[in-house]
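Below, chain A partners chain B and then partners chain C, in two separate complexes.
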Partner chain A sequence: MKQPAGIPTFFKNLVEEPLNAMVEKAQDSGQRAIGYTCSYVPRPLLDVEGIFGVRLRAPGVSGTPMADTYLSNVICSLTRSIMELALEGAYSNLGGWVFASSCDHMRRLYDNLDYLEPLDFVHILDVPHKRGEAATAWMKEELEMLAEKLAEHFGVDTGRGALAISIKEHNRLLAILRGLDRLRRRDAPPLSGTQYQMLMMAATSSPRNLVIEPLESLYKELENSSDGIDDYRARLLLAGSNCDDPGYIRVIESTGGLVVGDRTCTGSIPALKPVSEEGDPLEVLASHSLDNISCPRMMEEFGARAQEILEAVKLTRADGVVLETMKFCDTWGVEASPLVSVLREQGIPVLRLEREYAMSSEGQLQTRVQAFLESMGR
Partner chain B sequence: MSIFDIKRIKPTVADLKSDLASHGRLVSSLAKLPFRHGPLFMLDKYRRYPWLRTLLAANTLLEMSVRTRTGAYREASGFGVSHVAAGIGELVDNLFAKPETTVIHEDLVPPEILYGMGLNPWMAELLGIIAPLIRSEFAEPYIDAAESEGTPPDICSLPKCTMGIALKGEMPKPKAILTSNMPCDGGMSSYSVLERELKVPTFRLDIPYNFYGERAVRFFAGELKRAIAWLEEHTPGRMDWDRMRQVCEIRNKAQEYQMEVWDLVAKKPAPMAGEALYLGHMMYSVAMPGRERGVEYWREMLVRTKKIAAAGGALPDERFRCALWNPPTLIYPELFVWAEQKYGVALLMDMISYNRHPYIDTKSPDTMLQGLARVVMEGPMARHTRGPSENFFSDLFALCERFSMDMIWMAGHIGCKNTMALNGMFREKCRERGIPLLIINYDLSDTRVVSPAEIRKQAEAFMETVMKARPL
Partner chain C sequence: MPKFFGGCDLGSTTGKAVIVNERGEVVSSALIRSKIDPTETGREVLGLACRQVDGLGEIKDLAYLVGTGYGRNEVPFANENVSEITCHAVGAHHTDPAVRTIVDIGGQDIKAIAVSDEGSVLEFAMNDKCAAGTGRFYEAVVRTFDLSLDEFSELSLKAKKVVPVTSQCTVFAESELVSLLYKRHPPADIAAGVQLSVAKRVFTLARRVGIRPKLVVTGGCSKNKGLLKALNKVLRMEIEPLSFDPQMMGALGAAVIGWKKR
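Then we have the complex of A and B:
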């Protein structure tokens, strides 16, 4: 299966650097970039006039020798890769970073970065592991503290009014990405999973106001396009943990399996769910964050997570699920097996893959996916 | 002795007398089971739960503790191990006798609330912690069972052992499960497997990451209230605040005695060391706090510690005082007995034992819940593995000062990613302070990863090259 032409290299360039040209451009105009990870940090809070959020990624990392010295080599390679690039100075232009206490690995990444590469502004959000009234109230207070700290440090307005505007603009971006995602449900989608992932990553790695227009024009162009991919062998749903490297999906798709949906930390489900524009923005952002149950860190939601995948399979008309989990991730590591059982009980073919952050063993991955497609009779 | 070159000490008449008392305590506690439940009932349990066979061999742990020592230290160690074994006997007894009120709880969720509600607690991880101390290879078939169900090899072997026990159908079915997000992601996630296997309702307590301050106490006391309401809905348990007050007062009393023991242990030479300290804490502050047994244990231990202090120190020749960070080496409890004999190393404190131990204010239900909230949030390991790294280091360096430690042995359990990810900082911070640090490369529950012989070699190399110690 060939990747269709039609996605401007502009987007490809945006995902190849930890801090891309758009980030530099925005910084040159006086805005300050805040690196953040992971999905539990609500981006609208970082995207107010004067500052903008950039999701931390580590494209191009080729090894993690320095990070291993501190984090050890039994920690997930996403955190080690971010740490490696941080130690190489790749994020030194950031104005600060914000983390979420989402898992053991993220917490220790924060600890080590704060020890080795402290930026002027460092914050970690204490994110509850479950939903409910008390948890939302706690999260709201957490966001309130972060908002105050941002306002004080950067001299920006993080008041209710500014946040309401930010949420509106955020929803505009999400609507465009949702539109692009919907195009993948066609029988012959005009864009591949690889290309979609590239657009998603371009959107989260760049200042919002500089990517909205290019994404919108691309959407309009693709929406009216009659060309599409029709030579695939099967439609696949990608599920699992962080997968911010479009190259990983490219290898899957090179075997003929078209990725039509991604229920991953960095994919379209549930990231594209609009944020409510009604009510107190901080409360809205707090419940929006906690309603993201896709990560097994949300300890009471195994059933809901399985259900979310089942619904995504139906929505995308996927023939099978590729469940990719980052090696050494404890929560996914333990939960993947029962999840596979639940999906198989429902008659859904599942391929479970354990992977490292940086793309490696392409041939092996291809063979696994090919065998999976064959096992489905495709 | 069975493990390497640990020397068996020739007993005196007084030693033999104290050994007899220790063995008597152990045997009588285990012999109670067939008397109480009947031999056929116990035979059935013995067949269904193979882990019982390992627990019944607890005398090997006792032998290790007494035959390698002499005098009052031997007597105290024997008392400690046999008392803890008898405590386990009581928990097993209740597990079989009261299935309708049994609630499985996660190891860092203290069971005081369950006692206050008239329920019967069973700590899911107890077997994975205690049984390898008796038989090193205990956890391995259970680890294999968890891995063959798809759990990755890199997950901590303690939750894997616990999951394996459930997956092999060897975990008695409780009425409910009370767990939390502690002490690590692997431990937290393992309960989704337990919940599916045991098919019982489960409540999960959420402990904040930043647990200092009244805001966290309020939030977590609220969590405890929600847990109580949930337990009242899903089990026959009902909260009786007078009973709860009694449980908390007993807990406080045991705590007071334990703190007095610690004050004495801080003196040089230390009048108590090793298993008597860490096993007692594990049992009576973690697995079954709030019981009279705990008060009895620490009161007796205090008497014995005072007695040893009056006569000198526990070890015949204390040359090095050691802090063990992370839980003790479950597959090789002989490590510190060997180190005592070979180099005069006194193990005085460890991560499980060392935490803030706040006393519980029993004035009202609210103050009790707030006190318990502090106990849980600042409990063993939780503060070190769940919270910011400051906790990990500030506690350790505070205890090094308090107990005049000469060195730190870090039990570098390969499955503990939380602590593995701090090793780089750990080395640098110890170097800055001039504290010698040994990071033992091993797995907490699996001898196939690093064998006890290899662990001993690492310790030996450290003692001779870094500490420049010569064997006694």
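Then we have the complex of A and C:
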């Protein structure tokens, strides 16, 4: 199965650098970039006039020797990789960091970067591990503090009106991403899983106002395209932790398994559902994050998350699930074992892969996926 | 004119080829050390196997050829490539239909494979990028002992007790072995310690897929009798002998996959 042509190199270039050319362009025009690490940081709050959010990735990281001296052996390699690039100065042009206390690993990243590479603006959101009224009220309060701090430090407007505009624009972006995701469900999808992930990462790691138009026109083009990938051996759903490297999916797809949907934290888990444009924006953002993001860090909701994966398998007509978890990610490590059992009980073939953040051992990954497809009789 | 079916397993250390006839019987096989160019390895080893068969001229005269192993995409004239996991399962099941668990220890990988009653792969587990416990590991170990692989294997069988070797890493294990030898521990006891450490590594992988009889060991390291003894002890199950060379099981499976398409 070959990756189809048709996705402009513009998007490919956007995912190859920790801070891409669009970020530089926006900074040159006077906007300040805020790096964030987790889906629980609501992006509309960072995308107001004068500032913009950039989801931190670590493309091109080759080893983490410096980060290893500060972090314990059991910290995941996503955390290490971001920290390594931070120590190399790859993010030094950012105007600030916003972290979320999503897991212990991300908290350690915050601690260390606050100490070793402090930017003028550093903030961490304290995100509850449960849902409910009290949790939403807590989250709203957290967002209020962040909004006030952003307004004060950067001199930007994070008031109700400004946030309402930002949410509206965010919904426009989400609609495009949902649309692209839907195209993957076709019998002959006009884009591969690799390409979808590339567009997703381009969308989250670039200034929203500079990437939305090219994404929208590409989506329209793909939507009307009658060409599609029809030479795949099997349809796969990708589930698991951070998978922000389209190259990882490219290796999976090189065996003939087409990734037609996902439940990953850098894919559809951060909730592509539209944010309500009614009501208090901070309250809306608080409940949107808590109620829709389906991260295993949330307590007592395993059944619902497993159900979402089962539904995604049906919706995408996936033949099997590839469950990738980052080594030492306790959150997904605990989730993965019962998840494998649930999926197998439903007769869904599952391949569990443990991986490091940086792509390595391509041959072994190919062998595993190819053997998985063969075991499904594909 | 009789038809022949070929399987070619281009591994990290050796290239193997097996040819079967229309009844699925092995008519020839060959094994060579891997060269830098995998296509060259494939061409040479398949050529060696083809030349042993009366009525078969060249590689391209095979009715069907399946490539497997790390160089599976590079096998010349191959009709398709199949992962070595599937090939080992098919090969072992073709040799003995009662096989349910396979431990394949090759040059750079350890794989545990659970096989269904029909010979398909039910589940598999594989070591990560680390080469601990593989053929590469043994090559480094025997260098320290200044022995051949066969001599090392025989030596480990003579141990009176087992000196634990704690390092799993190929590089660290080598320096640990040097320290143990300098401490004047009997070499046979240290060798048995090496075999036990590899067997324990295999144990964790095999447990992930479930260990059911019959259990067989394939791949190059299946020739290591000391390792088989340690595996027998750790896995608490008899390791059954195969009637065909277990190192050739991947290539045999590849040939059989082609034969089944006849």
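The rule is simple: the second predicted complex is superposed on the first by the 373 of 378 C-alpha atoms of A that agree within 3 Å, B and C clash if a C-alpha of one lies under 4 Å from a C-alpha of the other, contacts with A are read in each partner's own complex, and residues count from 1 in each chain.
We adopt the following convention: contacts are C-beta pairs under 8 Å (C-beta built on N, C-alpha and C of every residue); 3 or more make two chains touch, one makes a residue touch a chain.
As the structure is a prediction and not an experimental result, all values here were calculated from the model.
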Partner contacting more residues of chain A (chain B vs chain C): B
Which superposed partner A:Tyr70 touches (first chain B, second chain C, both, neither): first
First (chain B), second (chain C), both or neither touched by A:Asp330: first
First, second, both or neither for A:Glu354, with chain B first and chain C second: both
Touching partner for A:Ser375 - first (chain B), second (chain C), both, neither: second
Which of chain B and chain C A:Arg108 touches, first, second, both or neither: first
Contacts of A:Thr367 with chain B and chain C, given as first, second, both or neither: second
Those residues of chain A which chain B touches in one complex and chain C touches in the other: 354
In the complex, chain C residues that touch chain A: 70, 82-86, 109, 120-124, 126, 128-129
Contact footprint of chain B on chain A as seen in their complex: 69-72, 74-75, 101, 103-105, 107-109, 111-112, 115, 124, 126-130, 134-135, 138, 141, 296-297, 299-300, 302, 327-328, 330-331, 333-338, 340, 352, 354
Residue numbers on chain A that touch chain C, as the complex places them: 354, 360-361, 363-364, 367-368, 370-371, 374-375, 377
Of chain B, residues touching chain A in the complex: 149-152, 154-156, 159, 163, 181, 184-186, 188-193, 195-196, 204, 206, 208-210, 215, 219, 222-223, 226, 385, 388-389, 414-415, 417-418, 420-425
